[in-house]
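There are two complexes below, and they share chain A, which is joined by chain B in the first and by chain C in the second.
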Partner chain A sequence: MSKFPKKFWQDKSPDKKNQKRLHCVASDGNVGYSTSNAPADSLSSTSEASRLWFVQNESSLQHADAMSLEVGRRVVYSSNPEVTCASESITHSCAQIERELNPMLMPRHVAIIMDGNSRWAEKRGLEPSSGHEAGLQALKNVVGLSRRWGIQVLTVFALSTENWLRPKMELDFLMNLIERGLQDELSNFQKEKICIRFIGNLSMLPESLQSLIAFVERSTWYNEGLKLIVALSYSGRQDILQACQLLVAQAIDGLIKPEDITESMIDDKLLTTLVGEMRNPDLLIRTSGERRLSNFLLWQMAYTEFYFVDAFWPDFGELDYKKALLSFQSRKRRYGSRL
Partner chain B sequence: MAMGKHFYYAYFLIKRLLAQLLASIAAVFTRLGLKVLASGPVPAHIAIIMDGNRRFASRSRIDKRSGHVLGYERLIQTLDSCLKLGVKIVTVYAFSIENFQRSPAEVSDLMELLQDKLDHLVSKEQLVRSYDVQVRILGDLSLLPKGVRESAERAMLATNNNKSTVLNVCIAYTSTHEIVQAIQKIMDERTQDQPHDKFITKEEIDRNLYTGLCPPPDILLRTSGETRLSNYLLWQCSNSYMCFCNALWPEFSFWHLSWMILKYQRAYPFLPRQQRPSF
Partner chain C sequence: MGSLWAAFCWRLIHACLDVVYFFSAIRLRLLALCWAFPFFVQGEEACIQQILGERKRLPKTVAIVLDSEEARHGKDKVVVLLWWLKKVGVCHVSLYDMEGLMKTSQHVLEDNYSLSTNKAERVHFYHHKGRSKELIETDDKGLSKTNMSNLFCVTDKTGEAPDKHIMLVELLSLEDGKEAIVRAARHLCTSAQKMRVESLSEADLNESMIESGVGGPDPDLLIIFGAASCLFEFPPWRIRLTEILYFGSLKNLTAPSFVSLLNDFSKKTHRYGK
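Right after this comes the complex of A and B.
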């Protein structure tokens, strides 16, 4: 019977058998190594850090950059639920670490499809416009959380080209809401150093909104904090098409040869190239339980991790966001080197 | 002693009869299940990322090659169920261009397996004949070794006249590479016809992709619990219903497939109107 293949549900995580803390990294960057159950002793004299993280293997300590960090399925392994250290300033329990987000494994670019405003309002017997207002509040909350947790780029899908088919009254309200939102939040963006940019077919928007968008982009152009990209009247296929169009035009003009066209050339011509090397989202969150991409950032999502939430967008709060990020942090990303 | 031998034979006979009985009961339930599913909307095109062969092999303590062989057998069974259900097009992700970065031993093993199985699929599988399946190999065949390339071309040639159902096997494929080669094909056409026309349309790109005139997938399925696309059908899947199954590919059974179809049927009324297949 031992040769009988085990079903996947019987074999949860074989790594749990050997739970030993091997290495420990303090939040101020100091590193300690130990195979005992009290690795913190080695750090207590060298750092006053208030937080410690434990990683499973040594290779994960070589890169401080969260993107290239590859750890096992669970960052924290411990047979000892409590860790007390010699120095009083480092006292932390493993159980608490497990529930918190690991700043070294934060995604650099998070994309969100904010779906479900109308359904949220319908469920409560309200007009769709109230749903959109509540959605704006949820967005403000998420932007604040992203900034606090160190996410560098946040892309949100506000309006798709397919959404132009909605009733005119709803669209007018949406345009008004975006204008009001931008005017109210501009001072906030400057204070919190948020750089806001808009991608999509902006010529379809009303003139007043277009000029306001241009003004807001110019004002926040040099802000160094969170980059908030709002996709308004955006279509992923249209994005790829306009990039291909530019390359075809260059090829016809004789500037490049067709056989020299590469994927990175298309990367550089897409609308998300404004964030440079962070153009590809690490995590996509879609609310309201739909399991579709709906024509959002198709090329860029080649290796993005998906996370689907059943709650509607106005109900998406800190807890849901934390769960999504924790789920992301527990995944092994191989970028295609092994399918 | 003779009595003992008779009991021995009787035991094996009864065991075989019981196994056959159970198999026929299972077949009855499967047919019943298929009829129940077919009463609702059935997807016209299913795309599958067959992930988890190697993890299955390591869990079952067999070698990776056997894991992939089991994966192939699972593919044939799943294809059988899908075609019985009425699905017209099945697209599977067999080998990505990124997989060439694996160890050379593993890549050569996989190439050998692909060559064997492509020949086996077309010459010996009953499925291809009974459902009139047209086998198409999508991907950059110039990156493949000569043996695999020739098997692929033979497979496509042998099934070229089959028009009822289509099996697209993606070998040496990534979606970004596909879009780049579509632009290059458009440029080749342009230089012959209208050299100064700089305008390209979505339909032109659709036509020049490897999937060609196939409708976009209605369901995209990925096994082994990973929730990402890994550069698969990015252009085509913009509105597909995405299903992620925790079972590893060699464990993917008819019941997982039914559950997936049921979820699709539940979500069907909410899909965008243009995505609904006509049936």
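Right after this comes the complex of A and C.
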């Protein structure tokens, strides 16, 4: 077990109510919390993998796996003897953001309909391609924020089956953009331990993109961090239909009886079953002011909280995302039951 | 003496601020009333007629989702809402609550629906009885019990009732949502013996749901009433392109706020992915 410095940070929290709490951003991007003056000997580092850790009281830690902990961009704790430690107070602005979001009320699965790229470009007198480029940057930002704030699954609606009606030039650009984006970000996915998966009718995509998608999925298959699901050429109705087709085929083959078909069996055959028990989004965010599902995760949205925002997707930033999460955290979810 | 004088001045300042805030609040309320004043003067009916006169895009099929509390205590308001929807030309309403309270209170809804007995104001309540597709009437005169499929064939495509003066109110519950898709999948097992499973299409599943007695039109607009902004397992197959608006508590619904909902709907544009 590594030796920890006895007093590795000071409590300089300006929040008088929570004076004993500090929110820190670990160097790997995960968020950690602690009461002040936690005794060093109670800390333990068990593995190199960095995970969310949480201190409930001054005498114990649930688990602390961070290799090094930065506060205000200074290392205040490190299990690596080569990295110097210091006691510093929090000054980084990110700490303020994390301080307001309650990690215990964070949605596990967030779904986003990234709408408004073309209108964003049109408003600026630009080509739709510029909107899609800006949209890709916004997506990278949101993925980083999701990872940092402890969201476990992020599903984004990149292309619906209805989008195939768009002009060929725009579609070709989109396909190239997705290819470029995946190639550029693959190393980042590995570094940040993001597991990326694609759902939808991928057979409609260009072969080069299909191959790249397969490669990226294989490469990130065992990553244990944020699960990023990209819905490409996806239709919620088609998702339900293919689940029913699989079960009907099994019934025809005599593997199951028709009367054995249940809701949970359909659930298990949907394309989102790859994230297990977190398949149903807790929060849906849709940008650009539209208030429709547009054929996205129809079956899975039974108890999903909706948050519709007027900003176009390229303009959706940290503040908008935080507002959406804070809105979610303020809601009482009853899943249809009475209080 | 000095401290008494200071305390007096302090209280005087607070009193002046209270007076300022009081009149400011009255001013804001008067402004709000001025906006709604025409509606109050004209009455609810005139308020509804006004939006019709503005020739805005209005929904033809509407879904209303109620959480358990609203379904339990808001039946009177639901009847008023149905009347307003009838007035703005909606021809099909899907009224949904998870527990089926609207279904079990169907007679209460019918009795409370106290509009004129004019034929122009008729509303037909119905619900799916599993495999049975009976239409339940609101009065004994007029239409006899009609096979649902005849009516649904029309409402499925256009949302229009065969008689333009009739608004159909479909009462839905949990069994009409995901469970309906399950029944449709079971039904497909028999019909799919005759065709390749791979060629099954959305239309086949849709048809299977109709055959199972749970078909219905896709609503243009879905309004959620309750504490949570979620669908409470409203039939997922039908909400592909539905506009979703969350209102909150039914008790806060007024004619101006209803008109505001319709105004919100009319501003939305459908690009259908393009």
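Annotations
By our rule, the second predicted complex is superposed on the first by the 238 of 339 C-alpha atoms of A that agree within 3 Å, B and C clash if a C-alpha of one lies under 4 Å from a C-alpha of the other, contacts with A are read in each partner's own complex, and residues count from 1 in each chain.
Heads up, the rule we're going with is that contacts are C-beta pairs under 8 Å (C-beta built on N, C-alpha and C of every residue); 3 or more make two chains touch, one makes a residue touch a chain.
It should be emphasised that the depicted structure is a prediction, and the values quoted were computed from it without experimental measurement.
If you put the two complexes together on chain A, you find that chain B and chain C bump into each other. Contacts of A:Glu305 after superposition: both chain B and chain C are touched.
Look at A:Asn141: by the touch rule set out above, it reaches neither chain B nor chain C.
In the overlay built on the shared chain, the residue A:Ser219 is in contact with neither chain B nor chain C. Within the superposed three-chain model, A:Gln152 lies out of touch with both chain B and chain C [touch as defined at top]. Of the two partner chains placed by the overlay, chain B and chain C both lie in contact with A:Ser294. By the touch criterion defined above, A:Asn163 lies against chain C but remains apart from chain B after alignment on the C-alpha atoms of chain A. Shared-chain residue A:Ile252: touches chain B and chain C both. Comparing which residues of chain A touch chain B with which touch chain C, the overlap comprises 162, 236-237, 240-241, 244-245, 247-249, 251-252, 258-259, 261-263, 266, 290-295, 298-299, 301-307, 331, 336-338. Interface residues of chain A, counted against chain B in their complex, comprise 3, 5-8, 11, 162, 236-237, 240-241, 244-245, 247-249, 251-252, 258-259, 261-263, 266, 290-295, 298-299, 301-308, 331, 335-339.
Interface residues of chain A facing chain C in the complex, by the touch rule stated above, are 160-166, 236-238, 240-241, 244-245, 247-249, 251-252, 258-259, 261-263, 266, 290-295, 298-299, 301-307, 331-334, 336-338.
On the chain B side of its complex with chain A, the touching residues are 49, 51, 54, 56, 59-61, 93, 95-96, 98-99, 101-102, 174-177, 179-180, 183-184, 186-188, 190, 195-202, 205, 226-231, 234-235, 237-244, 246-248, 251, 267, 270-272. The residues of chain C lying in touch with chain A in their complex are 67-69, 98, 177-179, 181-182, 184-186, 188-190, 192-193, 197-198, 200-202, 205, 227-233, 236-237, 239-246, 268, 272-274.
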